[in-house]
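Here come two complexes built around subunit A, the first alongside subunit B, the second alongside subunit C.
Then we have the complex of A and B:
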């Protein structure tokens, strides 16, 4: 066995943001995730969306799919909301608060593609919407089991009494995040990515990626 | 798995499998209920504020447990206040606890609005996001 110098891989605590019993925290790990979400949200705010070009074969013609008007406003709004929810989730210091932010990310992801008038994209969004709706059951169920079995929801308290959270609760929260973050369901994700408007659509990917990085940290800590 | 239309079925199978494993493991090794709950709840069916009744005197201090009391300096002052309308409703029937969102300044619950206030904010944000999507899709037909 190696004698590793520190036991806390997530890093030392840098900054704490208390909201009553919910104490959000920034370690080098969650701080990096937060910064990543923040930078990407800023890109969504200030960048213009991409213009997707389709070449009509055999001719010189090109179809340009532009995101304009109300469509643009709504998708930008949803992408920003998704970014804010991601920032909340990656810094949350409370199991139930984390699950709430995760389900908000799930709804925002549907919102980002909701205004696209493409049958395939909408079909994928519909299927994904049902999955994310279903995923709230294991997600909140895991948090409820945690509260019943340990009497607290704070990640700080749970990590102090280390293997406190029952394995069942961990499994349920993990499967819930899988549903909200469309992780192994690459088919739905690929279809959602058909929608034009790059920075907003990529937000789907960024938020679910950060969700996973965070849930792994929580599962290892508590 | 490459077909989108199968995704719901696949995910449902995963959830059912996890739930079945959870049930079996709970039966095999029962999880104990922690007696020292941070957010205890007593159901008093004769109270009009049920299930939000945390007792206490109006404008007085009530003892409420919190994880980090230093973060909630006004802990215990919130719980017993009702607006005049809510007080009237509480006096006249037993169902005020079910109308928590349907009238302004109704029941002010210490845990919902003070110690775990961020949860309440995020919950309503989820609702508003859903409303924003629904209203956008509904109004889009006018274009």
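Then we have the complex of A and C:
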């Protein structure tokens, strides 16, 4: 019933997973991305955070940061939610669902960062939050332009008439994903890494890069 | 395939040894024997191993397994002529591995290595524009199709020269002692690997070896096409020695300079690709 018209990007279609009229699909490419997201989510579930050591400048002392109690539970929950949203984004067969999952990833990323009680990390979270909010405009704007121009948001249908998605819509979605995913802004705002909790912090990186990898595939497919 | 799987770590480690030797000779030093990296890995394999008390244990151990698994997967992708996009996906996941290896033990040195890995990811994202360029020219991202395209139309090295430079920079950024090797700079001890010792370090060395083998092989296949195993080995060696020259003759950049130089270079190459696309 469902067949991707091109197998020259992510490989042959392996199987589809329909939820009503929403039809997710797995190729070797999206399957591998799903697997990566799943593995890192499992690591989040089963890992306790590390005790990050910092040097107290001007002395011989070092101190260990600990993640305990409510903070740990909240950040773990956010990281797992981020992983689940990433899994949704990498297998979605629909541009609108993809954008929804991407914006959910953006919210979860802010959640992971913003729960750390450190002024530098909170400052980074505030900046990420602004970028994330702004990024929703081009993200959903791109999807809206696609719907207006083609009458559908299904990747199945769009790929059958490719190149169907207007260039401006592709550019807007790309900008939206970059904003929601945060990764391109690490270089400018690395204070986030003062936060302990490696399994949760790494989920930010995982979700950002996997979304970026998926959006490249979507851009080429439609 | 099993033969390649067994040979790849040894050839990769040998390449890493040749790289060290070539750098040393260019700089007028005797350098270590070319099999030194193989000996290192064997030594690490039999050293006493434990997990630091401050580490996040599942992540600390699991990330080493993931490091080996992704590059074994990448080897299969290249050997079976799979998707170039997936190969670059593995490359990006390797960034997560460096990040995970760096953050999991809680050590500040390892953390700084991991953070440097993450910030340099922003400069490699535009590489996907290069992938798009290859797709535009060949009509496919399957390595088998790209190889076939070159058999019919000649090597992409000449027709898609900017893409070749971009991938060369990607490989260069992953070479030891290179201008972009900020993740394991000596001012942060061994960077993201500082706290992984013994068997864990041996695992990381093996993943590095397979990575070196896969990236060099992919470069030859994507930009020159299919070759016999002997010629393939020689071509990979030539690229490796050229990389050694670059590493030997350039200083390591500071982290932000490294990101800036890569970013500017990639932007120029993407613009060049766009012009080539318009002409075509």
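The criterion applied here is as follows: the second predicted complex is superposed on the first by the 207 of 222 C-alpha atoms of A that agree within 3 Å, B and C clash if a C-alpha of one lies under 4 Å from a C-alpha of the other, contacts with A are read in each partner's own complex, and residues count from 1 in each chain.
We adopt the following convention: a residue touches a chain if its C-beta (ideal position, glycine included) is under 8 Å from a C-beta of that chain, and two chains touch if they have at least 3 such contacts.
If you're wondering where the values come from, they're calculated on a predicted model, not measured in any experiment.
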Quiz item: When the two structures are overlaid on chain A, which partner does A:78 contact: first (subunit B), second (subunit C), both, or neither?
Solution: first
Practice problem: Report for A:96: first if it touches subunit B alone, second if subunit C alone, otherwise both or neither. | Solution: first
Practice problem: For A:38, select first, second, both or neither according to whether it touches subunit B, subunit C, the two together, or no partner. | Solution: neither
Quiz item: Who touches more of subunit A, subunit B or subunit C?
Solution: B
Practice problem: Examine A:154 and indicate which partner it touches, taking first as subunit B and second as subunit C; both and neither are also allowed. | Solution: first
Practice problem: Check the residue A:144 against both partner chains and state whether it touches subunit B (first), subunit C (second), both, or neither. | Solution: neither
Quiz item: A:50 contacts which: subunit B (first), subunit C (second), both, neither?
Solution: second
Quiz item: For A:206, is the partner it touches subunit B (first), subunit C (second), both, or none of the two (neither)?
Solution: second
Quiz prompt | Doubly contacted residues of subunit A, that is, touched by subunit B and again by subunit C | solution = 178, 184-185, 187
Exercise. Show which residues of subunit A lie in contact with subunit B when the two form their complex.
Key: 18-23, 70, 74, 77-78, 81, 85, 88, 94, 96-97, 100-101, 103-104, 107-108, 110-111, 114-115, 123-124, 127-128, 130-131, 134-135, 137-138, 145, 147-154, 157, 166-168, 171-172, 175, 178-179, 184-185, 187-188, 191
Quiz item: What part of subunit C is in contact with subunit A in the complex they form?
Solution: 53-60, 62, 66, 73, 82-83, 85-86, 88-89, 92-93, 95-96, 99-100, 103-108, 111, 114-115, 118-123, 125, 128, 131-132, 135, 139-142, 145, 256, 259
Quiz item: Can you list the residues on subunit A that touch subunit C in the complex?
Solution: 7-11, 28-29, 32-33, 36, 39-40, 43, 46-55, 64, 178, 183-187, 190, 193, 196, 198-199, 201-202, 205-206, 209, 212-213, 216-217, 219-220
Practice problem: Can you check the complex and tell me which residues of subunit B touch subunit A? | Solution: 1-5, 7-8, 10-12, 14-15, 18-19, 21-22, 25-26, 31-39, 66-68, 71-72, 114-119, 122-123, 125-126, 129-130, 132-133, 136-137, 140, 143
